[in-house]
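Each of the next two complexes has subunit A plus one other chain: subunit B in the first, subunit C in the second.
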Partner chain A sequence: MSPDRSTDAPEPGSLGGPDDLDDETRTAVEAELRCLADDDFVVAERYTEWQVRGPTLEADIGIGNIAQDELGHARLWYDLLEDFGHDETDLVWEADPGDFRHATLVELPFETGDWADCVVRSYLYDHYEELRLEALRESSYPRIVDRVGKVLGEEPYHREHAENWLERLAEDAGGRRRLQEALDRLYPHALTLFEPTDQEDAIVALGIRREPLDVLREEWRAIVVPVLAGLGLEVPEGDDADLLPDARGRDGTHTDAWEPLFHEFTHTYHDLGREEAVSLMPDPDEADV
Partner chain B sequence: MSDDRETVEAALEDDETALEDDETAQDEIEAADDEIESAQDEIESALEAVASEPSYCTYTEYREGIEVADLPATGADAEGVEAAVFEQLYGVEDPEMPISVVDLGLIYDVSVVDGHATVTMTLTYTGCPARDYLQEDVRLAAARAEGVDTAEVELVWSPEWSLEMVTEAGKADLREFGVSV
Partner chain C sequence: MRWEVFRQDKKKDYHTYVGTVHAPNAELAKQYAEVQHGRRKPTNSLWIVPKDAVETVYADDPGVEFGGTTQKDYRWATAYSTDETFAEEIEASQREQEEAERDIAEADR
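Our next item is the complex of A and B:
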């Protein structure tokens, strides 16, 4: 057990349902969920750009599948935010771009034609994701516990996919050079995955997540740095404070890449004059039978 | 003669003692009756409190996951209206393969209370593009069952679905379709 782990925190699953939380707890739960949901949603938005541009047809299908999983996971986390009275319209389609709390890593555009960018990003992201989700397995918020196992079960092949491609690209000098460039560009943004929201202390104290983000960051570094070094890549060194980009994502600040992406995926919604997310099926509460 | 008299007096005393005993017993019975009455009052006021509470919310308490060993729910032991719901659910097929949602192992529980059916189900994976569609199909099927007025679907993700959840009949359907299981 990590010495940082809050031992006085409530027991796993003991917080009760969305209607049982006091305001302070609810705010903390929402902050954690918002990061999980937005990371998955935005990373999937970017992955889908590769769906018809991968180096092989199988790579197209692979990345398309991973994007589909991440969208599925985003939906699970947004569901839990909807328990608190939000809906898809205000969470996504009519949200302010500044409401999103994803890390800047997932919003960056890919360097044109650079599959290595997609591979390195996925590798850094999927290892982060595993650690954060593992720290939620014993969450004090039962609705998270109920679904995190399912999400974790769908993640291992994402990591295998990324590692498989990392090794393949690292086999020759040209591939290694492109991996290195991607790593130099993306690594500082990957650090924003571990940046805290203003609810970090409450999230840990209330046992919503069992490990603080700075502990997870060190665990992550201990996994990815040796692997990348083993492939002949140099991981940027220095204090995180110096490496981190100005925009941190988790505090609502984003890179210049975010607003164009946000407007791109909400364009059709506005173009069609929508005022709410359209459901293909009737709302269960409004159905006649 | 004096012996007889003493015997009579002793008998009279015994009677008196017996009478006193009777009275004590009666007091005890009355006290017990009072207790029963106040307990009945408590039950009644508790029942009134329950009836006046807001409508049932599925999220107010956390239930430990359903035991994997008991899954999936196939309706084998179901009776009455619940059996009728299962019969309808066997008619709902997965959108991709000719197998019912019951045989695919997606149904975890069916309960009907006062004409309201609740179907607890899962999906094979989180990214299922037919989530809304399947849930609605299941809800409508449950609502069609004789004795059901309204129906809802509760989607759960724990325990996680796996191939183990597919019934023997479901495996046969999948093999016939060309999927090896």
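Our next item is the complex of A and C:
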């Protein structure tokens, strides 16, 4: 157990429903949910670009399936934000691009055909995601506890897929070079996954998440660094402060890649003159999904 | 590398051939089979077999005569003396025999 862990935080599931929260708690819960939802939504958006462009038909379907999973997870988290009076329209389709709190890792574009980037990104992201979600299993906010197990259930596939490809690409010098280039480029952005929002202290003190992000970052490093080194890759070294990119994502600042992506996925909504989001599936609370 | 995939709907069901996946190793073959063949239909298990591991016998291979060349009606229940208590089994056997004969005739055409 980490020494930073807040021991006098409220018990798991003890905060009550959305209407029971005071303003301070609600703001903290919303900040945590926004990061979870936006990460999954945007990473899925990027993965989808590989559909029909993967190295094999099987790889297309594999990454497409992972993208579908992540979109489903984003949907569960956005739905919890809707408990607080938001709707999908203002959360996503008519939001300001600066409202999004995803890490910069997930918004970066892929170079054409750079499958190694997709593999490294997924590897770094999915290990981060597991740790953050595990730290939410005993959240004091019961609506998160209800859903986190379901989300975690789909994650082992994502990690195994990334690890399998990572090993495969690392088998020869050309593959290792491509992995190294991707790692050099992506690692600083992966660190932004662990950047705090302005609600981090409240999130931990209120037991909404059981581990602070800086502790999760060290756990993550202890997992990914030896594996990457074992494959013959060099993980960028240095102080995180020096490695981190200027844009941090979690504070609403993003790389130049974000606005074009945002406009791309909201284009059709505006093009069709929509004013509300069309719902294709039953509410997660009404269906066992 | 090509892998043949067999899906079992429920426990104790037979595995049925459902198609192929292409994957460089067994681990990826399993992962791809999972999403390609086990995602939209009820699935209790999948068998994933390297194509090369599947042995094949063809009907026109030299020396192969599926079912033999001589008459073997004793294989069918209708060839035996029975009473009405076997009616259902006999009907079922009769149908099976007719279907088999039709299918063989079809295949020979």
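Couple of notes before you dig in:
As a convention for this text, the second predicted complex is superposed on the first by the 279 of 289 C-alpha atoms of A that agree within 3 Å, B and C clash if a C-alpha of one lies under 4 Å from a C-alpha of the other, contacts with A are read in each partner's own complex, and residues count from 1 in each chain.
Convention: a contact is a pair of C-beta atoms (placed from the backbone, for glycine too) under 8 Å apart; a residue touches a chain by one contact, two chains touch by 3 or more.
If you're wondering where the values come from, they're calculated on a predicted model, not measured in any experiment.
More residues of subunit A are in touch with B than with the other of subunit B and subunit C.
Touch criterion not met for A:Arg121: it reaches neither subunit B nor subunit C. Judged by the touch definition given at the top, the superposed model places A:Leu57 against subunit C, while subunit B stays out of reach. When the two complexes are overlaid on their common chain A, residue A:Asp83 makes contact with subunit B while staying clear of subunit C.
In the superposition on chain A, A:Arg250 contacts neither subunit B nor subunit C. By the touch criterion defined above, A:Arg217 lies against neither subunit B nor subunit C after alignment on the C-alpha atoms of chain A.
In the superposition on chain A, A:His189 makes contact with neither subunit B nor subunit C. Residue ranges of subunit A in contact with subunit C, taken from their complex: 56-58, 61-62, 65, 157, 160-161, 164-165, 168. Per the touch definition, subunit C reaches subunit A in the complex via residues 21-25, 27-28, 31-32, 34-36, 39.
For subunit B in complex with subunit A, the residues that touch the partner chain are 57, 59-62, 65, 125-129, 131-133, 135-136, 139-140, 143, 149-153, 156-158, 160.
Per the touch definition, subunit A reaches subunit B in the complex via residues 13-14, 16-20, 68-69, 71-73, 75-76, 83, 142-143, 145-147, 149-151, 153-154, 279-282, 284, 287, 289.
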